[in-house]
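Chains here go by letter, A, B, C, D and E, matching the order in which they are written, and residues are numbered from 1 within each.
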Amino acid sequence: MNVLAQADTLPISEPEIWWFALSPLLTLVGGALLLMVVGALTPQWPRGLYAFVSAMIGGAAGVLAIFNWDDISDNGPATLVGGALAFDTFAMWSTIVISGAVVLVSMLADEYIRDTPNDGPEIYALLLVAAAGGIVMASANDLIVLFLGLETLSLAFYVLAASNRRSDASAESGLKYFLLGGFASAFFLYGIALVYGATGSTNIGEMVTSLANRGDSGNDVLALAGIALLLVGLGFKIAAAPFHVWTPDVYQGAPTPITAFMASAGKAAAFGALIRVLISGLPSFRDDWQPIIWVLAVASLVVGSFLAVVQRNVKRMLAYSSVSHAGFILVGVEAAAHTAGEADGGMGISSVQLYLLLYSVIVIGSFGVVALVAREADADLSVFDGLAKRKPLLAGAFTIFLLAQAGVPFTTGFIAKFGVIQAGVDAESYGLAIIAMVTAVIAAFVYLRIMVAMWQKDVEDDAPAITVPVSAAIAIGFAAVFTLVAGLYPSLLIDWSDAITLVR
Amino acid sequence: MIAAIEPSWYLIVASLLFAIGAFGLLVRNNPLVMFMCIELMLNAANLTFVALATSLGDINGQTAVFFVLVVAAAEVVVGLGILVSILRRRPGATADDLAELKG
Amino acid sequence: MLAAEVTHAGAGAFPLLTALIAVPMVGAVALLFTQRSRPEFAKLLALMFSAVTGAMALWMLKEFDQSADGFQFVSQHTWIEDWGIGWHLGVDGISLFLIVLTAVLFPLAIVGIDPHHDEKPYLAWLLMLEAGVIGSFLSLDLFLFFLFFEIVLVPMYFLIGGWGYEDREYAATKFYLYTFLGSAFMLVALVATAMLARDDLGYLTFDLVDIAEGSNFAASTGRWLFFGFAVAFAVKVPIFPLHTWLPDAHTQAPTAGSVVLAGVMLKLGTYGFLRFGLYLFPEASVWSRSLWLTLAVIGIIYGAIVATMQKDLKRLVAYSSIAHLGFIVLGTFAFTSQAISGSVLQMVNHGVSTGALFLLVGMIYERRKTRQIAELGGLQKVAPIFAAGFMVVMLSSIGVPGLNGFIGEYLILIGSFQSARWWTVVATAGVILAALYLLWAYQRVFHGEPDEDNASFPELKMKEGLVLLPFLVAIVFVGVYPQPLLDRIEPSVDRLVAHVADNTDIDADPDYTTQRGEFEPEHGDDGHGEDDGHGDEADDHEEGEG
Amino acid sequence: MNTTFLEYVVFFAASVMMLGGAIGVVTMKNPVHSALGLVLTLFGVAVQFVAQEAHFLAAVQVIVYAGAIVVLFLFVIMLLGVDRAVDLSIEPIKIQRPLAAVMAVGLVALITAAVIEAGDAIGTLNPGTGIDTATVEDPDSNIQQLAQNLYNDHVLAFELTSVLLIVAVVGTVLMTRKWPKRSADEGSEVGA
Amino acid sequence: MLELVWLIPAFPLFGFLTLLLAGRKLGEPFAGLFATAMVGASFVVSALIYFDLLGMDEAERSHTETLFSWVPVGDLQIDMAFLVDPLSIVMCLFVTGIGALIHLYSIGYMHGDPKFSKFFLYLNLFILSMTLLVLGSNLLVTFLGWEGVGTCSYFLIAFWHTKDANATAGKKAFVTNRIGDFGFMLAMFLAFGAVGSLDYAVINDSALAGTLTVATATGIGALLFVGAVGKSAQLPLYVWLPDAMAGPTPVSALIHAATMVTAGVYLMVRVNPVLGAAADWVPTTIAWVGALTALFAATIALAQNDIKKVLAYSTVSQLGYMFLAVGTGAYVAAIFHMITHAMFKALLFLGSGSVIHGMHDEQDMRKMGKLFKLMPITASTFIIGWLAIAGVPPFAGFWSKDEILLFAAADSWVLYAIGIVTAILTAFYMTRQVIMTFFGKAHWHDNADDHEAQGDFKPHESPPFMVLPLIVLAGLSIVGGLVQLPSVGIIPSEWQHKLLDWLHPIVEFGPSAEERGIGEAIIVGTTADDLQIPLMFVAIGCALLGIVVGWLVYQKRKIKAFEPELLRDGWHYDDAISWFMGNPGRAAFQEIADEDQKVIDGAVNGVATVVRVSAGEARKGQTGYVRQYAGVIGIGVVLLLGWFVVIRGIL
């Protein structure tokens, strides 16, 4: 970012900028620019180099985030750039998750994209920029900034979803995503406007202060209307029922590595934003929005798990299952709501972030396998028939991911679910916790179906050969190992996640 | 303040505009027109921002509108890009024609 | 008062319990690296690992201090500190024999049963299952228990689904989802238990002993929590009417699956009731006992009746399990030393005899490729030794004195009779039915003149006989001389009963030498002794008395 | 007062313009006409801005929206040749129109209800320091204030818009670049 | 010597194990001889212990030999312990004694059977169980034997299991016995709850001491009686015994006549103090059940044509007598009749077996006749048995039956009347049997074609292994009465009531017992006691009446035989039960099993179906039309706004 030009006549006092704190963001955006500019100026790079560079940039952002985390642990959280961004462990955690997703997805995307004329820097640049947008969402301390981050992420996603131009499904998913996303963004923006009117500011910190002093003001209704619309926009992004309708179509139609990115980084960013807005910004209205979170959670759990059951397409199954996972994460949000704005924040936020991290790895792994087995939108269940006989390791990895998604012990999926359930129970949301677990049982049927196909069906004779490129193998392998190892020994992650706080 | 018009009037008019936009998105089949409807909704939001900024006496609302304008521009560019790429392959396709993914 | 834990002298050096879980687990992993084309090597490897586990379990049995009532060989390490979760293992009289049974059953299943295809994954799943089951029995941490309790579903699912019979997919899925549904409630209850206990303890922990000894749940809270646990256990047991997964799973499972399922996995439910139901929620257990007793008794009668009409031999045995486990539940909720000791013993007995029954049914299937009773007949004539083996196992299952099944059943009934009289009366009637369905099945399968298909039924082979032999020895030994088992079981059971009694108004040690039981004579001519009879029993089972 | 009356006139005129244009967007059979309806709305909004002394925004609204965005729309319409009139009397999805009506009416009713309920309280909580309006002495005051706000409090957002524009650029490049035809898999690959 | 009591069961156990491991190698006839030797050894041990006891004071004649602690849990301490006292040793004597004879007989009877050694395996196991039953010092050890004999009975009834009827009969016996066990088990539970122990000593002492409440004693007594009804084939559970004749004849003799079926009587006597302490209705019920069973079974026996079925019903009837005795407080008489009955009924069964053997497995008496000359020893001994059971003095049966009738008369003249009618019927049907088999007209050659040896078929006398036991048993049947001669003037007093004296104090008697209402009933001073000698002549008269009428009907054919179908079919009682079990019972079971699938499993699958169907419907909502998705979102918006604005804001 270049330093702003200053007109002599305008005494503009720019806010202090703490560059290192912004370094992950700058790395990602700068990396995107680098890819585009250098990519444009040089001839076609050697195979896989774009992906490699992209992964390195993502990794670098993650590492920088870890340094920042350390800094926050030592010196406490702060806000950045005039209160526009929060600089806290919550933001850094999201940054790490999203950056990690960039790394893994870049590795997955490599071979996938190499087969298309898109094998240039653009896709990776968009990935990186989307990641930056996601990080802004999760760190935003200002609703306008949040909106801009959301738009950055969304616009990149729209394009990425439609990026496979040989596929009608990809185009359709891109358009659907775009129209619905624009629709939802408009609601979100309108919500920001109304909340702005009611609180006099878009800055979360100022919102909290002004709301705390609001007294007996009639403005509340305006704020409530605004919250309703904010929830629509965020609900859309996190794919909570009934705002999930786009999810299955887009997840199915989008190129599979992109789907993986949406389901991981997209969700992490959206949930980050949701928590920022609700827990950080609107704790004084928690009695109003908490029931809605409850309803959204239940609706997502039920809709996601029920509809997943009747699918034939594996990508759609996973899409619906991601809806039900959103419901699960909302259980954690609901738990956090109970103590929103209080000194002891409870376990909700930590559990949500832990879930997002663990789920991201699982879902990237899952879609990574799908990407290798069924390259296009037509990932019918029958494509997976007998996978265990053809590619035992791949089938084994997929089984691990599916078991993890089902919440089987000794996988991270279980730790994640346990975390949110624990948070929910801690907040005495017993009903929600039970509903969540029961729907998890229904959802388990879906994963079992895929496993049955892989392990117990016979291979179709005319099944095309599956090749497993090295980078994808590394990504999937890492995800599988992580899923198992962190499932077995999660205490470090839990320890870290417990340190997650929101700047106040 | 000099404006005699109650801020709530603006807000109500804006909500009408917003609703018309939303209605249009639901009933129109042409993706371009649907797209325009989204612009209507964004404009409604803008009007709301400005009205509230005026009543608050706070410049931030106006700044927000500025950003929304940029967003709208970027969105249009991207959206039209997607549309073009689709409509080039399938000329005259309506939103309802793009319904292969379902269930 | 019970907090004291006994760490066995000399056992501190070697983490025996951890090894009991780790060895089969390592074996499962090791199997992954064997060659698919060398099944016999895989089998040898699996056998080795399971045999080592078995040997360690037997060594544990030998070293077990039978006079102590606390947990022994305790292994305790922090694991997930922030959530108060520890790697806490221990064994006491209640779990001891279940572990030994598990550790012995698996090598036998590995040696005795041939999966016919894909040996390597089959054996790996089996070993993983073993680790899971042993882990469940050893866990003294709620979280850890849940982990193992849940994880066993996975290998079992694959075993049924991969090596089962015609309807295996349906059965495996049903099994998985049904039991998973039960666990769903348990998970919530389990977390809530820890969370609510935190208020009493002052710190968050999932440690069973800490919570059980230190918490003091309000009655209504405890009941809800107990209910959550109970659902999971009730499905696992299974208690009527949550049983229908069992016949399907049993029928479709490969022989080893059925053996293990009946032998040890169902015990996870009844064991859970003892370890986590009664121990954690004595008040709620006592409060809800009428429900459990009633369901148990219904299960006994109902399972027997339905078993009688089964056409599929495996299904019949499966339904008989429902009846048998009804007895165990009955004993559990009788809260007397005899009944609970009987329940614990019966868990082992049922594992042995029903395990052996499934083994034998599996052998029949191997030979005849059918389980339909109608297609069998006259086997005793062509295979008398086989029939004799079946007969002994069957008699054990019926509960004929001198064999193991009787001892457990009898202890359960005699103990239950003292505190849950009328339920016990009905349950005792179930003993009649057990004879009916098993003998009828035996008659149809073994008696009569063999037809053409059955005339060539091969006699018991040497190898099969050797696999069957330990079962038969156990059946007779326990039937004739159960004392070594009871001596080890009883202190822990007494401790549990005392714990329940401390927290409720149940009398842990009723004095039987004075008059207490009233058998209501039809004449009603004798009313004396009415009052002192009630003091000994739970205050809330008047419905049974009146 | 005259001024006030004038404001009413302006308000209603602008509102009619705005809403009429919006209705035009929705009801016009030809997308070109819809685009023109959009222009009308945008101008209406711009007038409303002016009425609220947001002159700079009004100007930008006209330039960016009417000048750039609508032109882009029209350009695409022409480029793709989709400027055909469509029959709007047919609705293939039966429930759609009632649904849309319910939604629209609900939206308006609820937000209006909220606005009316809020009533005089609007703008009372945490009011700002005031908006400088263009005066004869200082015609740039609004612009200056805006700029100051933009480059001070919202500098990060401002920079983010640049990122947004990068996305737009890269995205458009990606979407509209010509792909070599591949005869083998040309055609539908959409799943059944 | 008393400490060696464990040898009594140990020998048959050893025999059992040996045969189990090496039975086939031993083969015929050594397996049989070995088994016989084992039982014989047991008999010898029993006899030695008997003499040992004989030499002791009455008070010392009780010894508990504990082998090991069997089921110890808390207050429940059950030892594997044997109680040596006059009652148990008497039981042992006749169980092992008669058992040994029947073993011997079986060597001949089972000649040529492919499962020869297995038969003896089961027999030894049976003897083991039976000795455990009688020697057990507590209810549970008895129960072990009780069930053991039941199981052996099952094995042996179904010994020739390839025939469906045999297998069914075996199963029927087992299951019916289990119904009785139900009572037995509950009685144990009740006893444990009441006295904290299952030892006979503790239970009986507590009954004697009066610490056992009437209610408890009533419960224990009544429930044990339920057990006894099952095992001893009384109404209403007798149905299994006639069917049990499907087993080899020695089995019928040993198990279903002499020993096992009398276990119920033994048990009742064993706990007689409890019966004494129980409410009055318990012994009364026992007496009535016994009397009615005696009469009922006798009527059925009138019309049976199967040689063994007659004896089977006769056994039921005689067991009824024993229960009549128990119910009227004549415990000693019950034991006395048990012993004599064991002798003559074993004799009769073995005799019938000999006939069947000689007739090449023909059991229908209508196809026999005039066998006396062909099978003289069998016939002679059978006739002795006949006279004994008919109640002709001085044969054993007369004395025991007479004593029972005396006590019945003392208790109730109605019971006595039933008893005496039964006595007439007994004499009648036994006469019928003897005549149809050994006298009258020979029918066996009419049906020669049915037999294996066609043409030259001729019934023949049995081999020595079979004949020898017949002779011994015949001798015993003659002199058996000596055990307990009545107090009638002409008999020397030191010969009187030997058994009564021997069984004291197991069966209490005397004034103090009378006062407490326990022990042997005291009939001194009753009308019946005064009429003892006349009653004796009445009994003799009745026996002769039955014999004479039988002779007239079947030998002389002066009177037309009266054998209605109703009696032949056993009053249709068995049929009714079978019909009930087979039709409505089975249908009900089937119904429940079907409901399990339909309702309970249906509910489970129904839930799955509901999920699938509802999801399938919901799936249709995901139409693929982007506008509709927007509509869904729009509705969501309105709902959310409604909540926030209306419900939370305005209201």
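The working rule: contacts are C-beta pairs under 8 Å (C-beta built on N, C-alpha and C of every residue); 3 or more make two chains touch, one makes a residue touch a chain.
Keep in mind the model is a prediction, meaning the values are calculated, not measured.
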- Between subunit A and subunit E, the fewest touch steps amount to 1
- Note on the structure: Greatest Cα-centre separation from subunit E belongs to chain D
- Task: Compute per-chain Cα centres, compare each with the mean of all protein Cα atoms, and return the closest chain.
- Result: C
- Item | Chain-chain pair with the highest tally of contacting C-beta pairs | B-D
- Report, in whole Å, the distance between the mean C-alpha point of subunit A and the mean C-alpha point of subunit D. 29
- Centre to centre, by mean C-alpha position, how many angstrom separate subunit C and subunit E? 36
- Query: subunit B to subunit C: how many Å between their CA centres?
  - Reply: 65
- Item | Distance from subunit E to subunit B - Cα centre to Cα centre, in angstrom | 96
- Item | Residue list for subunit D, restricted to those that touch at least two other chains | 93, 96, 99-100, 103, 107, 110-111, 113-115, 117-119, 122-123, 126-128, 153-154, 157, 161, 164, 167-168, 171, 174-175, 188, 190-191
- Message: Could you pull out the residues of subunit C that touch at least 2 other chains?
- Response: none
- Message: Where in subunit A do residues touch two or more of the other chains?
- Response: 144, 148, 151, 155, 158-159, 162, 165, 168-169, 172, 175-176, 179, 183, 187, 194, 197, 200-201, 220-221, 224-225, 248-249, 252-253, 310, 377, 442
- Message: Show me, using the given definition of touch, all chain pairs that touch one another.
- Response: A-B, A-C, A-D, A-E, B-D, B-E, C-E, D-E
- Contacting residues of subunit E [partner subunit A, same complex]: 611-612, 614-616, 618-619, 622, 624, 626, 629-630, 632-633, 635-637, 640-641, 643-645, 648-650
- Touching subunit E in the complex, subunit A uses residues 175-176, 179-180, 183-184, 187, 220-221, 224-225, 227-229, 231-232, 235-236, 242-243, 245-246, 248-249, 287-289, 291-292, 303, 306-307, 309-310, 442
- Query: In the complex of these two chains, what residues of subunit D are touching subunit A?
  - Reply: 110-111, 113-115, 117-128, 144, 147-148, 151-157, 159-164, 166-168, 170-171, 173-175, 177, 179-180, 182, 185-186, 188-192
- Item | Complex contacts: residues of subunit A adjacent to subunit D | 1, 4, 10-15, 17, 29, 32-33, 36, 80-85, 116-118, 122-123, 125-126, 129-130, 132-133, 136, 142, 144-145, 148-149, 151-152, 155-156, 158-159, 162-163, 165-169, 172, 194, 197-201, 203, 206, 209-211, 214, 217-222, 224-225, 252-253, 313, 376-380
- Item | Residue numbers on subunit A that touch subunit B, as the complex places them | 144, 147-148, 151, 155, 158-159, 162, 165, 168-169, 171-176, 178-179, 182-183, 185-187, 189-190, 192-194, 196-197, 200-202, 248-249, 252-253, 310-311, 316, 377
